[in-house]
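After the structure tokens below, expect a handful of questions from me.
Order as written gives the chain letters A, B and C; numbering starts at 1 within each chain.
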Amino acid sequence: MIKSIVKTELAIYFRNLNSIFLPLIFFFLILSVFPLILGTDKILLGKIIPGIIWITVILTTLLSSNNFFRDDFKNGVIETYLTSDASIELVLFFRIVSCWVFTCLPVIIFIPLVSLLFEISFQNSAIILLTLILGTPVLISIGIFGSALTLGLAKNNILTPVIIIPFYIPVLIFSASAIEAVSIGLPFTMQIYILLALLVLVLPIMPYLLKYTLELSINN
Amino acid sequence: MNISKIANLRFFYTRTESIAFILSILSFLLFCIGIYWGLYIAPTDYLQGDSYRIMYVHVPAAWLSLQVYIIMAFSGFIALVWKIKIMEIASIQCAPIGAFFTIIALITGMIWGKPTWGTYWVWDARLTSELILLFLYIGIMVLYSAFSDKRQAVKVTSLLAIIGIINIPIIHYSVEWWNTLHQGPTVTKFEKPSAHITMLLPLLYMLFTFNVYFLTVFIKRVRLGIYLREKNSKWLEEYLND
Amino acid sequence: MTNNIEISVNSAACYKNNNIIFKDINILLNNREILVVTGPNGCGKTTLIQSICGIQNLESGHISLNKVNIQHQECNYLENILYIGHKNSLNDDLTVLENLDYLCAFDSSADSKDTKLIRKSMEYFNISKYEDYMVSQLSEGNKRRVALARLFLTKKKIWLLDEPLNNLDDETTKVLIKLFIRHQDNQGLIILSSHFDLSKELNNVKIFKMENQSD
């Protein structure tokens, strides 16, 4: 069964090349807008670039996970999930992972390039990369949860992000704090442990929570 | 089973009419006493002068904003698991009340901030957590209003409230923790003062008063919720015509 | 070996948005029986079938399988039912074959590795030529045939179908009725909603008429 799901997810993503490239392009687009607005003062940019990268990543994950279940709801796939005796939690877990692989992983892979473009020091880029690797799966999971909550709602344009962003804040704060600590030279292990803890707590629970939420929201 | 669920709402609606009225008079009186106590009787602070008195509104408002969220999440949980109608109504009616208290806490916090810190807003742990709490409340209210089926709306918002309650301590500690990296312990002086009994007593009294006020508004809002839901049912029409 | 199945709906009532969709519904159905839920548009047929699946919550009353409430774990309800709703539950980005393969993965009684059987089901519904077509390229009627192809592949005993005969051409209708008869012979039972009178083509048909509650 797992083979079938994995095969299907890969097929869906690869056939829709938009889904792979658009998040990446969006990321670079927003990233480029910041220096246009804030000016090219290298020292200023150097100070705030980790924040800029994180804000852009938040926007990217929000937009990517916002409509996760929209087509599934429209096509009746959710009803198949809920009337099936297969392990739906496993299916959802793989879907979360594949969403992350195809929307966040490209961004993460291109972070070294971003570091070159913005002249970020090696330690700073390393910590930015680490916090992104630990934080983005959590962000994607929460975004998908938001999509499940607002299943089938017609006027759903900006509603889901409004509901979901407060839940992003802990990840943001600890990532920002870790990056700041590294740039001053203070220890950052505590923040990394907390990010790791968040990841380890959220990711396994999310499939179960998602299934429950889908059962609630299917009647929307 | 069905009958008892409806009777629940009817029982509540018919029996609480006079209670709501009495409580509103009581709240008003308690507030009057509280204003007098806080503004005149309580002593002037040695450090902050008289500007600290806003604390008598700020601290209870902040406390209640959290308390109401917990009540909202708790009644939402009962509504989800046991499907008790009155809990559904109670849960969603807490949201605007809680948001109101949060806004009061924020505004009074800003008013307090100007004379004490010289600025209206500081990104300290408490105020930032309050702000995020406000966003949580707004999120719940906005989610509720996006549904046309209100009973379905309550289920979804209850789930959101319950998940939010896990988030609140995480947010609070993360902001507090983030903040200690930037500012020293000066922030702690403006939290609940480890103060003299003459200052502490009116604070506790105001906390009690705010709770009475919350109870009044809560009962009235739940009655409103019942009215809106049962508008077309016979028992309500008969009762209102009497 | 008793393979007796009995589905009972006991005093079921369902509300949506504070409006009554249906109430006091009582149904008893056994093996080899077909229940046709019929009634005017908007009388709650889809809601009833969805509540029998467990997707839609009941305000009061309960559904039982062999006297065990379907909400209880020991009932293993989902192991026995197959639901095909109004919507086709197909993925637009996959081909017909891939879709059926994916849908089989959700059906524990269907062997998703058996590609030959999947091809046979497509043959049965006359959509073999669309095997490698994307579902988005098919007409609505053909999409419906793909959705119904699951009925050929499953071995589950209880079929819950929402308006399966709608918008089908004569040929597909005949083929579907044959499938129903085969299912009946295998001791299965079917609950479906329809505007058609199936008692001419099928045996053991019970008709359940629903009415609009908002009148």
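In this section, a contact is a pair of C-beta atoms (placed from the backbone, for glycine too) under 8 Å apart; a residue touches a chain by one contact, two chains touch by 3 or more.
Note that the structure is predicted; figures quoted are calculated from it, not measured.
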Identifier of the chain whose CA centre is least distant from the whole-structure CA centre: A
Contact-richer chain pair [A-C vs B-C]: A-C
Chain whose average C-alpha position is farthest from chain A's own: C
Intercentroid distance (Cα basis), chain B paired with chain A, Å: 32
Distance between the centres, which are taken as Cα means, of chain C and chain A, whole angstrom: 37
Between chain C and chain B, distance of the C-alpha-averaged centres to the nearest whole Å: 48
Residues of chain C touching at least two other chains: 16
Residues of chain A whose C-beta touches two or more other chains: 219
Residues of chain B touching at least two other chains: 149, 152
Residue numbers on chain A that touch chain C, as the complex places them: 1, 4-5, 7-8, 11-12, 15-16, 71, 74-77, 79-86, 215, 218-219
Interfacial residue positions of chain C with respect to chain B in the complex: 13, 15-18, 59-60
Footprint of chain A on chain B - complex, ascending: 132, 135-136, 138-140, 142-143, 146-147, 149, 152, 155-156, 159-160, 163-164, 167, 170-171, 174-175, 177-178, 181
Touch list for chain C against partner chain A, complex: 16, 50, 53-57, 76, 78-79, 81-83, 85-94, 98, 101-108, 112, 160
Contact set on chain A toward chain B in their complex: 145, 149-150, 153, 155-156, 159, 162-163, 165-167, 169-170, 173-174, 176-177, 180-181, 186, 194, 209, 212-213, 216-217, 219-220
